[in-house]
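You will see two complexes here that share subunit A, one where it goes with subunit B and one where it goes with subunit C.
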Partner chain A sequence: GPLSERRLMDVRLRELPAWLATCDFSLQGLLGGVQKAWSSYYDKYINVKRGGPAGISMLLAGYCLLSYGWNYQHISKISFLVSV
Partner chain B sequence: MILSFFDQFTSPCLLGIPLILISMLFPTLLLPSPTSRWITNRLSALQLWLIHLTTKQLMLPLNKEGHKWALILVSLMALLLTTNLLGLLPYTFTPTTQLSMNMALAFPLWLATLLTGLRNQPTTSLGHLLPEGTPTPLIPALILIETTSLLIRPLALGVRLTANLTAGHLLIQLISTATTTLLPILPTLSALTTLILLLLTILEIAVAMIQAYVFVLLLSLYLQENI
Partner chain C sequence: LTRSLAPLLPSAPAALRSLPPPVAVSVLHTTRPLHTTQQCLAPLPPLPEKGGEVRHGLIPEEFFQFLYPKTGVTGPYMLGTGLLLYLLSKEIYVINHETVAAACILSVIIYGVKKYGSDVAAFADKLNEEKVAKALAVKNEAIKNLETAIEQEKKEQWRVEGRSYLFDAKRNNIAMLLETNYRERLLTVYNEVKKRLDYQVALQNLKRQKEQDHMIQWVEKNVVQSITPQQQKDSIAKCILDLRALSKSAQAA
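Here is the complex of A and B:
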């Protein structure tokens, strides 16, 4: 179909800049994109009749990684007691 | 050196944007709202069962007027439970370690219970300031004591939650520092400290859940007196 209507996973790598140009980067567009991304993750991994712990665990692992990234600046400066 | 142990509680900021808002909004992703389907996913079923259990427990001692508070009390319980438990994951930030957040939760809710009581049944509310059967000479002193106890309730609610979580996180950090420092020097002692760390983590999970429950339970008790 036309480039602007395809989802990210269906876009070929060489078409990526062209696809990005058709994206809506306003606040509403970004929020809509986030909402779509979350609902596709939710429907694929969590909103299944016989789901396991994997869906939520991936989410929590991602949250841990994100928090690590946020705190990196701070953590890299700490030096604990080393003179024993 | 000692001050660096408290650095884990500084509110994280990225390019000047406070990240505490994202830490507080993350639990909404973990608590999906029920859809119009009858049979939903396992996560929703589990959470629905837990919420029903909590609601029944909290609403049993309240009268019909008090049942109007069901939504706010149970959602407060869900928020505190999720934020406390998420804080036990590595590198995450617990917004409930900030006294500002806990006071912001405790003070308005306590004030709401107090004003509800004073507006609808002022005599009964003021009557709680004097327990039944006090000997007459003790009455002035007891009224002063009960008034102080009433006015200190929001402070106690906020500080209880903050102190419990902060102390727990600090202990975990101290003991893990001890473990890593001892590992090259005395490995057996390091193994012992790892055992202590394991037990402490289990305690912290329990404390996280209990503190959330106690917060909401006390608010419902204050509500019982006043509604």
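Here is the complex of A and C:
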């Protein structure tokens, strides 16, 4: 189908810049994209009849990684490593 | 709409048919496409049974399937090991006190989930079941009530057919009442007339009786008056003579 309506996984590598150009990077577009991503994740892993630990554990793992990334500068300092 | 329905209703008056079609027709056509959109809100589609497949509780199955054609089954694990070793050796992930704490916490969590996960899931499922059962019970109750209402309505419609018998019975009752009333009044009329006639008859009888009595009395009185004392003596002497004659003949016999 047309380029702008395909999802990221269906876009070939050489079409990637063109596909990025068709993306909507305004504030509303970004918020809409975040909303869509969250709702698709929610519907796939959390809003089911018999879910498991997978739904929130992935969210927690992502949170751990993100917080490690944000605090990396502080963690890697020698003063922090020596203190405890 | 009325134009299309007109041939089906031949009894509709011609005046109604000649009117222009109502405005609701055009409005109805504009509202029609609303129901053909994809998002139909009722009834809601049921929730999927299971969530997306996740391996080791962290990595979605799609990742493994994505790497399978190129690297086979062990590909993602090799990737994971290599990535881990790279992060550790390059000190991108620094081992500190928090690593030990995280390892302890994770082991406890994983042990807890593995041991009590199924029980908690069963309990949550039971709660859900109860909620769904309650809602379903309400729905069934409502359906049953509506069905009984429908049956009663049909019964009422059937009863309507018996209207004619009811009215016949009522008409008979009223006719009988009228008849009875008429006959009662006839009886009173008859009784009244009879009373009056009887009165007249009694009156005449009384009058005749009185006349008779009076006449008898009058005759008796006059007769008694007409018997003069001389006649009395003569009749008494005659009687004595007769008696003597009789006694003589009786003595002789």
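As a convention for this text, the second predicted complex is superposed on the first by the 77 of 84 C-alpha atoms of A that agree within 3 Å, B and C clash if a C-alpha of one lies under 4 Å from a C-alpha of the other, contacts with A are read in each partner's own complex, and residues count from 1 in each chain.
Keep this in mind: contacts are C-beta pairs under 8 Å (C-beta built on N, C-alpha and C of every residue); 3 or more make two chains touch, one makes a residue touch a chain.
Note that the structure is a prediction, hence the values are computed from the model and not measured.
Novice: Taking the superposition as given, does A:Tyr63 touch the first partner, subunit B, the second, subunit C, both, or neither?
Specialist: Only subunit B is touched by A:Tyr63; subunit C is not.
Novice: In the overlay, answer first, second, both or neither for which of subunit B and subunit C A:Ser76 touches.
Specialist: Only subunit C is touched by A:Ser76; subunit B is not.
Novice: Could you say whether A:Lys44 touches subunit B, subunit C, both of them, or neither, answering first, second, both or neither?
Specialist: second
Novice: Between subunit B (first) and subunit C (second), which, if any, makes contact with A:Cys23: first, second, both or neither?
Specialist: neither
Novice: Pick one for A:Gly55: touches subunit B only (first), subunit C only (second), both, or neither.
Specialist: So A:Gly55 meets both subunit B and subunit C here.
Novice: Quick check on my understanding: which residues of subunit A belong to both its subunit B contact set and its subunit C contact set?
Specialist: In the superposed arrangement, which is not itself an observed complex, subunit A uses residues 46-52, 55, 68, 75, 80-81, 84 for both subunit B and subunit C.
Novice: For subunit A, which residues count as touching subunit C in their complex?
Specialist: 44-55, 57-58, 61, 68, 75-76, 80-81, 84
Novice: Provide the residue numbers of subunit B that touch subunit A in the complex, in ascending order.
Specialist: Going by the criterion above, the answer is residues 1, 4, 7, 10, 12, 14, 19, 26, 29-30, 32, 39-43, 86, 89-93, 177, 180-181, 185.
Novice: Would you pull the subunit C residues touching subunit A in the complex into a rising list?
Specialist: Touching subunit A: residues 47-52, 54, 57-58, 60, 91, 93-94, 96-98, 113, 117, 121, 125, 128 of subunit C.
Novice: Note which residues of subunit A are touching subunit B in the complex, please.
Specialist: Listed in rising order, the residues are 38, 42, 46-52, 55-56, 59-60, 63-64, 67-68, 70-71, 74-75, 78, 80-82, 84.
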